[in-house]
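Presented sequentially are two complexes of chain A, the first with chain B as partner and the second with chain C.
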Partner chain A sequence: MATTIGLVQGIIWVDCVVTVAIGATPSTAVSFVMRFTAQDSDVRRAFKRAAINLIVRAQAAGYPVEITHAVAATDIIGVSIGGFDISPVGLAIHGDFYSVTGSGIPADAAVVFETPALVLTVTPDFVRPHWVLIKELPAEIPVGRNAVRLETPGGWQTQSVPIDVSAGPATVVRVLYSGAPKNRPYCIGLPANGGILTVGSQLIPDPLLTDRPGFHDVVAYCLRNLLAVAEDCLRQNDWDGEMRFVTVFDRTLPADDPNSLVEELAPNVMRTRRYHVAPFLAGYAVTVDVALVVHGSTTHTRPWTWAGIEDQAQVGTPYSYDGTVLQHLHYPQTPGSAALYVDMDRRGILPLHECLHGMADLNNGRIVDLYVDPTPGTFMINKKFRGQASDPVPALFANYNGTNEAADPARDGLTYPATWSSYHCTLLDATRPNVMDDFWRTFDGDPHRCRLDTLTYRWLTDHLRAKLTR
Partner chain B sequence: MEPLHPDLRQALKRAHPGLTDDDIDRFEELLARVLSYDPTTEADAIARVSRERDEMLARMMPHYAEVAQAFAAERRPRERAERPRVQTRIKPPES
Partner chain C sequence: MTETTGIVQRLNVSPGWAAACVWIGPTPVNTELLFIQPQAGDSAASVAFQGNMVDALSAALVSRREVVAVHGDTSARVTSLRIDPA
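Let's look at the complex of A and B:
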């Protein structure tokens, strides 16, 4: 038995014989035949049809095929399409997001588009070992057939995958990264908001819907903020490769109640209308665990986030906190949701800070802001209170799953104000504020280097693991 | 919620002579309280704290919204204008 691998250079069907030309170029192609005979059983005929169908599709897509045949013979015995070492995600459309997935992708990888006449190298906006994202596919890339690959200046290179580039229109729903191949991978959604509920109880159109480039820009920023700053809780062990990331941008949305995902709160706060988010996304067949809702208000730019409300009826993974047994529940009933301004200050860690609020659970453990003292509401994992502000900070913060975590006696160098009774857990990096604290006051002006405290990191690790393995 | 940027805090004090850090901290506490309550089950608590917050805003920081908007506008990102960088090479004709 022998195999021949190459592109499908031609297909000719004459009577009951199909001849296919396989090779790198038309001039070097070798012909193989598939003969349909009256003696073929139904099963045999179905196989031959499927094989020819596969060859036709491979020709249209520009994929190489592997033909199995007898040595020195031309009759086709089998057909298969080999895989590629990268996978473009979704359609290639000018001005739209464009993702390529793979493995072991170096941080300096570029995306190369090649036609018979041109080679265009695009610097991506975001690179992870399994994923490269271009926030807007440049219009310089020729419409029509291209071959796309990843490569680095040092010579690392992937295979080339044929793709068809179109001029538009950009898609409404875009899966940026598909995550684990299962029914409900952990999903972070980034929808563009349609309408705003104002302080005066009016519904007004969100100006974001006329600013698609701004939306693309902030999505790329959010991804870098979630997955490429010093705090690695979301990307540890590269497990962000198990997560799905999806955007929704529908410029046709009317500013009616279902499409208005955010509401103003005086003087400058914007928060999500948390019970609107999941139904809105369901209209696009998108189900999320956390939604980072992007809006374009220039008057209410300070973000606020609702923690998720997990589904108590679904399975969970138990954990203990100071002897009390709680659950890392696996599925959300109402996803956590944050309202993020499209032109937010890029020097901070707002997407990460807000996303961590949203990933927590309103009833089984909130992750709250540490930069204010009082925090009413349900159980929180990362803040405790002394009986009096004058009481010393205890040595022990909490016992989580049998392991003691120390308290932070000095509040990461920011110091606890004398009137505060709240206190926090010890930090992973004691030289910088906690991600959930006043990160703007880090000593070197670079909040991107802030980390969490030890307990919140452990709790989030377990919380995410429970959801990623559901 | 985003922590109050130190430069915004200073801008608020400049716009409201006599305003102190303690005043701003108190306002931040009230804001955090309002947002921490559940609107579906704690409407009374929200209304009570909101009244105090609104009164404080009107009496001590009437220009808060304008100052915050101007601050946000100043901090808008510059990278926004950048598009993905593209290098184009024309391939030599095949011999």
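Let's look at the complex of A and C:
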């Protein structure tokens, strides 16, 4: 058996024989044939048709094909296309998100678009070893056929993949990264909200739907926040390569009840209407574990996040907390959801902070805010209470899966107010506030360097592992 | 049934073996290998249907569209295919 790889230079259909010319140029191309015969079974005929269709597609797209044939023979046995070392994701549309995936992508990689007349290098807005994202494909990239590749100033370079760039319109549903090739990969959704339920019980249009560039900007910021700040709980071992990320932006949405995913709370809080989120996304064939709902209200900009409500009927991975056995349940019944303001302060870590609230489980372990003292509600993993505010902070915070985790006696440099009875677990980086605490008060003014506490990190690691391997 | 979702990274169509192999996943090195192969006794309609699924995978590959391939929990044989809205 032999293989010949090259561009499709020509295809000719004559007398039940299809002849395909394969090579780098028309003059150097080699011809191969596919014969349709009376002896062909229905099955063989169907796959001959499919193979020729694949060659036609490859020719139109400018993809090389790999022809399998017998040595010194020209009859086509098999046809393959694809197999590049990078993968553009979805249509290339001016002003829309554009992702390219691969492996071992350096942090300084750029995306290069090339036509015979122009080479344009675009610095991505987000880079991971397996994924780069451009938040808005520049209009300077010529419409029509381009070749896209990744490269670095140091000479690292990928193969080029032919793509067809269009001027628009931008897509409604955009898969930024498709996640593990399996059933229900762990998914973080970023939908644009359609309507707002006001404190006066009115439904009003969300101004975000007239600000698509703002939506794109905050999505890129959210991704950097989740996956590129000092806290690495979501990207450890590069396991974010198994997560799925999808956006929805539908500017045609009426501000009716199903499309209104957020509600105002006086004086300035925006909260998701958690039971609306999954049905809304289902309308776009999107299923999520956590939704970061983006809204454009300028009066209610403080975020509120609901923890997920996990499906008790589905399988889980048990864990113990101070001797009590609970579950990291694998599938959500109601996804966690956060309401994020499109123009939030980009210096902070609100998307990460809120997402961690949403990733937790209302019934099997919440991750709560540490910057307030009283915290009513169901079981929380990252906060405990002393009998009296004057009692000393215990040395032990909790026992998680058989390992003791110490308490944080000083709450970093923030100190516990004298009236507080709550206390926290010891920090991964004792020089900065906890991600779940008042991170704005970090001493060097850079909340992006804040970390979690040891117990929350371990718990989230196990929680995510249970979901990523479900 | 299991749904495997992702970009079609590679597609091989072999009339000689009357089968198609498809690599689906988020990156070229993180894929699931699935196949389409009519079975003995499949009707002409079923064979045509399976060939048409291969055509859809061809189109999805070159347009970089995500597909959802449905197969048995312990089988890599694709029985149905979906291309969701974008």
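The definition used in the following text is that the second predicted complex is superposed on the first by the 443 of 470 C-alpha atoms of A that agree within 3 Å, B and C clash if a C-alpha of one lies under 4 Å from a C-alpha of the other, contacts with A are read in each partner's own complex, and residues count from 1 in each chain.
Heads up, the rule we're going with is that a contact is a pair of C-beta atoms (placed from the backbone, for glycine too) under 8 Å apart; a residue touches a chain by one contact, two chains touch by 3 or more.
As the structure is a computational prediction, the values presented were derived from the model and not from experiment.
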- [ ] Following the overlay on chain A, give me a clash-or-fit verdict for chain B and chain C.
- [x] fit
Open item on the list: Looking at A:Q333 after the superposition, I want to know if it touches chain B, chain C, both of them or none. Which is it: first, second, both, neither?
Closed with: neither
Open item on the list: On the A-aligned overlay, A:S87 touches which partner chain: chain B = first, chain C = second, or both, or neither?
Closed with: second
Open item on the list: One more residue to check, A:A51. First (chain B), second (chain C), both or neither?
Closed with: second
- [ ] Identify the partner contact of A:N363: answer first if only chain B is touched, second if only chain C is, both if each is, neither if none is.
- [x] neither
Task: Overlay on shared chain A, then closest C-alpha pair between chain B and chain C (Å) - done: 22
Task: Interfacial residue positions of chain B with respect to chain A in the complex - done: 1-6, 25, 28-29, 31-38, 45, 54, 57, 61, 64-65, 68-69, 72-73, 75-77, 79-80, 83-91
Open item on the list: Show me the residue ranges of chain A that touch chain B in the complex, using the header's touch definition.
Closed with: 116-125, 134-138, 140-141, 214, 217, 221, 265-269, 271, 298-299, 301-305, 341, 343-348, 350, 353-354, 368-369, 371-377, 417, 437-441
Task: Complex contact set, residues of chain C against chain A - done: 2-20, 23-32, 38, 42, 44, 47-48, 50-51, 54-55, 58-59, 61-66, 84-86
Open item on the list: Give the list of chain A residues in touch with chain C in this complex.
Closed with: 34, 41-44, 46-51, 53-54, 57-58, 60-61, 63, 68, 76-91, 101-103, 130-131, 163, 171-175, 177-185, 241, 244, 284-285
